[in-house]
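Take a look at these structures.
The two complexes that follow have chain A in common; it is paired with chain B in the first and with chain C in the second.
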Partner chain A sequence: MSFFRSRLFWIAAVIVVIAALLPFWLSAYLLGILTAAYYFGVFAMAWDLLFGFAGEVNFGPTFLIGLGAYTAAILNANYGLPILVCVIAGAFSAVVGGILLAVPALRLRGPYFGLVTLVAVLLLQNCIVIFAGITGGEIGMTVPDVLSIDADVNYWYALAFLVLCAALLYGLSRSAVGLILQASGQDAVGAAALGFNVTKHKIAAFCVSALFSGTAGAMLIFYMGTASINTVIDVSIAVQIIIAAVLGGRRTILGAALGAVFLIVANEFLRPLGQLNTFVVSAVALAVILFFPDGLIGYALHRSERE
Partner chain B sequence: MTGEARLQVRDLGKRFGGVVAVKSMSLDLHAGEIVGLIGPNGSGKSTVMSLIMGLIRPNTGTIRLDGIDIASWPAHRIARAGVSIVFQHSRPLQRQTVLENIKLALLPDSLLRLATEASAAERARTIAEQVGLGEVLHRHPWTLPFADLRRMELAKAVARDPKVVLIDEPFAGLTAAEIKIFSDLIRTLRDEGRAVLLVDHSVKSVAALADRVIAMYLGERIAEGSAETVMQNETVRRVYIGGKIEDVERKAPSTARDATLLDIDEVEVFYGKANALERVSLRVQQDEFVSIVGLNGAGKTTLFNAISGLVPYRGAIRFAGGDLKNLSAAAIARAGVVHCPETRELFGHMSVRENLELGGGHLAKTVRQHKLAWVFDLFPILEQRQAQAARTLSGGEQQMLALGRALMMQPKLLVLDEPTLGLAPVILGLLSKAIERLRREHSLTLLLAEQNVTFALPHSDRVYVLDHGRITWHGEPARFADEMSTGYL
Partner chain C sequence: MRAVQVLVDGFAISSLYGLAAVGFTLIFGVSGVLNLAHGGIMVVAAIVAWAAAGEYGLGTYAGALIGVAAGLITAYATYLVVVRPIQRSRAIRPEETEIFVLTGTLLWGIMIQVGMAYLFSDNPVTVRPLVAGVVNIFGVRTPTNKILIAVIAWAVIGLLWLLVNRTRTGKALLGASMNPRGITLLGYELTQLYLIAWTIYGILAGIAGVLLASFLGVGTNNTGQLTASAFSIVVLGGLGSVSGSLIAAYVVGYLETMTAYLIAPTLRPIPALILLVLVVYVRPQGLLGRR
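Let's look at the complex of A and B:
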């Protein structure tokens, strides 16, 4: 185990160094794609904490992301608050929204939790359309401040953010709390019989997931300069996040980030295929889910464990 | 025993819909004592255990741990208060090692302690060595043999130094040598001053270990005392064997006995690493009533699930000459092998009538109506309750409905799994009459699994005894009383 851990650490370190050097030979266009992909990676990792560890399927990761993104956008565009304050406020509102959603929803069993989270996305979407006066409605809103106008700097911000989130979430998943969370997700009765308050741990996981999703959502809009339903809230975005996490590997955290980067980059490279693009990416995702239900990283991890 | 009991259960009651699982149950558990809680399947003993652990909440009664009422507390709080449980089937964390799985049990229920304390790792190691897992600390659970998984569950349960340890079917799936080792481990728990409750279906398996045995039936305590007293108790004998075994005159089947309808040939079933059936072979002729008797855990339900295509098996099962192996459960049922499971599997939110009509879903409308009328004639109570949701029925009524629904499917072979489970004697009488009538008025082949020998014998042309996954006896019911009745319980 310690061998795997150390090997994993070195592999990760090499990947991060290579990624950090990419601006020296990639075009601004490709860097832009990767920048968006890194934020997406954080969404997927935060989702895996819920699905892979707490064992709860959250169909509405974009509820948490959207809350963070729109809170930050509204405060920046309408009240002119600085970016840092807006991001913190976005993260905070995502956590509050997450608690308000999770506390009643976790009382439900099985598929009902997932359905509640799905409905939450639709509610948020409707609220934004109804209060178009301050949210920009279906057109979206432009934020006056951006992180940077330099593609390289934006890229490094995103990469640093991804690495930080990955380290924190991976560390959490390997900690004592992560162990309890896994036990709660896999066998709630068994975990309760060992003296763990399963609901408390699941709500905490939801809060952590919301914190990272909301922060990443807020950061994303200060990279793009706009907030719109189609980019941070729509259910299709939620589906992409879920596919990315499952593709990379359930219960691996890091796999989710790789899955997200792979999904977005693949989408971009297959763009010449036109309409077929989405189809091919979906077909690959479907094949992975059917034949490697543990995901690509999960599959590799199992092989190394079994050897 | 002197002094206050460590665990004091009084007037405990629990209902599930229309079924009373536990009613006014009381028991005492002292420190440094092993108590066996026994009862046939459906007697409510597992429910009592779940109620003590807080996995389900009681409707009435108190559960005092050192004088504090813990009834209705959530399970995690009860666990922290000092009650532990060893589940029969474990679901360990598969990506973690044995040591990490045990460490899990030692973690505080806190969101802020991210690192495991060094003392926890040390203690986990000590416990693992105590239960004999010292050699496999760093292996993953899925690489372990079954007995080691049980050891790991035991280690997790005692990790937090509990006052009360509940153990569900302590010896299920273990070999004789392993049973001895586990018995010693359980005695250690007693010597450490813990109160141990063993929940099992038979007196025999806990007799050597328990200081005291409490027998349950229909959710109530029916006997208490030493293992010998309980084993000789008239009520207990009646519950398990059904009292004095009498052979009832049966009509010989009208047709000639040469057509084999069901042929089970050397069937073996494994659950993970546990061997549930060992080379079981048996035959059922056309129009014959055959029963398989055995205590719970003997493998009866597993055998029936194999026949119905619900569990994978080695060996062959042939019905009316055709191999059932590659057929789906649905195809087997359509071929005429209708399984009436011990768990009844009714559609709880549907009405009685809807349940019955679903059973006859493949019949033409007129035939179905005719069949329905016939089932209502067989069980008149179902006609009165036809608009009621199935889950609100009493246990006996639910069993009649399950049987009625199976009959609606027009079985060629009815596979009836423990119809007497958890039912009062008066209901047994009604079911017995219904089966008698089926035999008189219809051409039906029956394969019956029972623990209650008195219920099974009068209806049987032949009897098989199943014990720990093996057929140990086979013969005419008349010979059963002489050859088997003493060794059975």
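Let's look at the complex of A and C:
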């Protein structure tokens, strides 16, 4: 196992180095797509921690992302606070939202909790439309500050952020805490009988997932320069995050990030298909679910374990 | 005057909500499937009915029938292409089947939505009213079509009630929802019962889709919203409980109509959402749920 881990580490290191060098020969347009894809990867990994490990069916990852993004955007646009303060505030409000979601998660199971998360997204969306005065409503709001105007720098920010999040979340998932989470996700009673505090670990999982989602959401709007419902809150974004994580492989964390990058890049290359683009991507994802339910990375991992 | 209007409007929309939600809850009760492609099936029925009646000039009634048939075919496709392979897959562990069915039908729903938008367009379509004219109810001018829709919805629900409670097949379905293993021991083929349940579901969703198109108009962009409203009504009423779903449909329908008329049309969905969250917190099994 330690041999495999070291091999995985080297593969990851090579991929990161190649990715870091990409700005030297890719156009600014492609870099822009990858930059968005990396933030998306963080969303998918944070979702995988909740679903793959804690076993919580969260249909509303965009509730947490949207809270982070809109808190940061409102503070920046209306009060002119610096970016760093806004991102921290966004992350904080997402964690508060995560705790709000964790409360029903401790009482409800499966589809019931899934519905609550879905309703949370719809309520947040409605609130933003109602308080259009400070949130910009359906049109969205423009953020005065941006991370950088240089495409290369933005790309490196996103890559560094992705790598940092991936390392932290992967480490967490392989630690004792990750195992306890997995145990309580699969058999809460069994885990509790072994003396683990299931409640504490689940709330912690929600906080961690919310922290990463919120920070990534806040960073994303400072990269794009705008915050709108269609980019950070809409249910279709949540669906894409779920597809990305399932496509890459649940319970793998890194698979979720790869799935997200694959999904966004595939979407871009299929753009000539026009409307049918989403159809093809959904069909591919459905085929993966039907034939390789462990996802692409999960399938590869299982095969190498069997050999 | 306004009270009567709320009563009449709320009744029509609620009976449609009820019709759409009953099929959804039936499928869950019998085979444990939450079909997130539900809105997609309704949209297919609506758009095909519109196209057959208008574009191909087959007339309103033939169009409506073809629309319902299209809904039924889509329901079969959902079951045979997505749900059954997932339920039978050996690579998916039994405790994860539920989430895979949810994700699979969600993707299938998106495929239907995008496919329909490509084949037709994403403009909302309105099927011509089944009957013309208006009726005066206590001083409120109501289109006859609205009344007919409520009547059809209730007639279909009544037929379903007779089917489930008064026929052998219906009782077998009921048995399958209570204890699948027990019903197989009595010599019933579970796969066959599932197919029957999906047939009933397809017809119900098809009728609901066509009626909705002649009432409000339906576009491919409504797919997600239709699924979400059926899902929340069913959870509010209690998963698997048909009468619970009907009551919940009226609660949601009237709550929405009252908000729209008395407070502001923009706030229409919000009280129902808040009520849903409260019910799920306080009474997770819903109004009439078992468990």
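In the analysis below, the second predicted complex is superposed on the first by the 306 of 307 C-alpha atoms of A that agree within 3 Å, B and C clash if a C-alpha of one lies under 4 Å from a C-alpha of the other, contacts with A are read in each partner's own complex, and residues count from 1 in each chain.
Simple rule for what comes next: contacts are C-beta pairs under 8 Å (C-beta built on N, C-alpha and C of every residue); 3 or more make two chains touch, one makes a residue touch a chain.
All values derive from a computational prediction rather than experimental measurement.
Colleague: Will chain C clash with chain B on chain A after the two structures are superposed, or do they fit?
Modeller: Clash.
Colleague: Mind telling me which of the two, chain B or chain C, contacts the most residues of chain A?
Modeller: C
Colleague: Looking at A:Leu276 after the superposition, I want to know if it touches chain B, chain C, both of them or none. Which is it: first, second, both, neither?
Modeller: It touches chain C, and chain B stays clear.
Colleague: Between chain B (first) and chain C (second), which, if any, makes contact with A:Asp294: first, second, both or neither?
Modeller: In the superposition, A:Asp294 contacts chain C only.
Colleague: Is A:Phe9 in contact with chain B, with chain C, with both, or with neither (first, second, both, neither)?
Modeller: Neither partner.
Colleague: Could you look at A:Ile130 and tell me whether it touches chain B, chain C, both or neither (first, second, both, neither)?
Modeller: Second partner only, chain C.
Colleague: In the superposed arrangement, does A:Leu115 touch chain B (first), chain C (second), both or neither?
Modeller: second
Colleague: Determine, under the contact definition given at the top, whether A:Phe196 touches first (chain B), second (chain C), both, or neither.
Modeller: After superposing on A, A:Phe196 lies in contact with chain B but is clear of chain C.
Colleague: Let me test your reading of the model: by the given contact rule, A:Gln186 touches which partner, first (chain B), second (chain C), both or neither?
Modeller: So A:Gln186 meets both chain B and chain C here.
Colleague: Of the residues on chain A, which ones does chain B touch that chain C also touches?
Modeller: 186
Colleague: Mind pulling up the chain A residues that touch chain B in the complex?
Modeller: Touch list, chain A to chain B: 1, 171-172, 175-177, 179-180, 182-183, 186-187, 189-198, 200-201, 204, 251, 305.
Colleague: So in the complex, which bits of chain A are touching chain C?
Modeller: Those residues of chain A that touch chain C are 51, 57, 104, 107-108, 110-112, 114-116, 118-120, 122-123, 126, 129-130, 186, 235-236, 239, 242-243, 246, 275-276, 278-279, 282-283, 285-286, 289-290, 292-294.
Colleague: With touch defined as at the start, can you tell me which chain C residues reach chain A in the complex?
Modeller: Going through chain C, the ones touching chain A are 34, 82, 85-86, 89, 91-92, 95-96, 98-100, 102-104, 106-108, 110-111, 114-115, 117-118, 224, 228, 231-232, 235, 239, 266-267, 269-270, 273-274, 276-277, 280-281, 284.
Colleague: Hey, which residues of chain B end up touching chain A in the complex?
Modeller: 53-55, 74-77, 79-80, 84-85, 87, 90-91, 93, 95-97, 100, 103-105, 107, 109-111, 113-116, 138, 140, 156, 160
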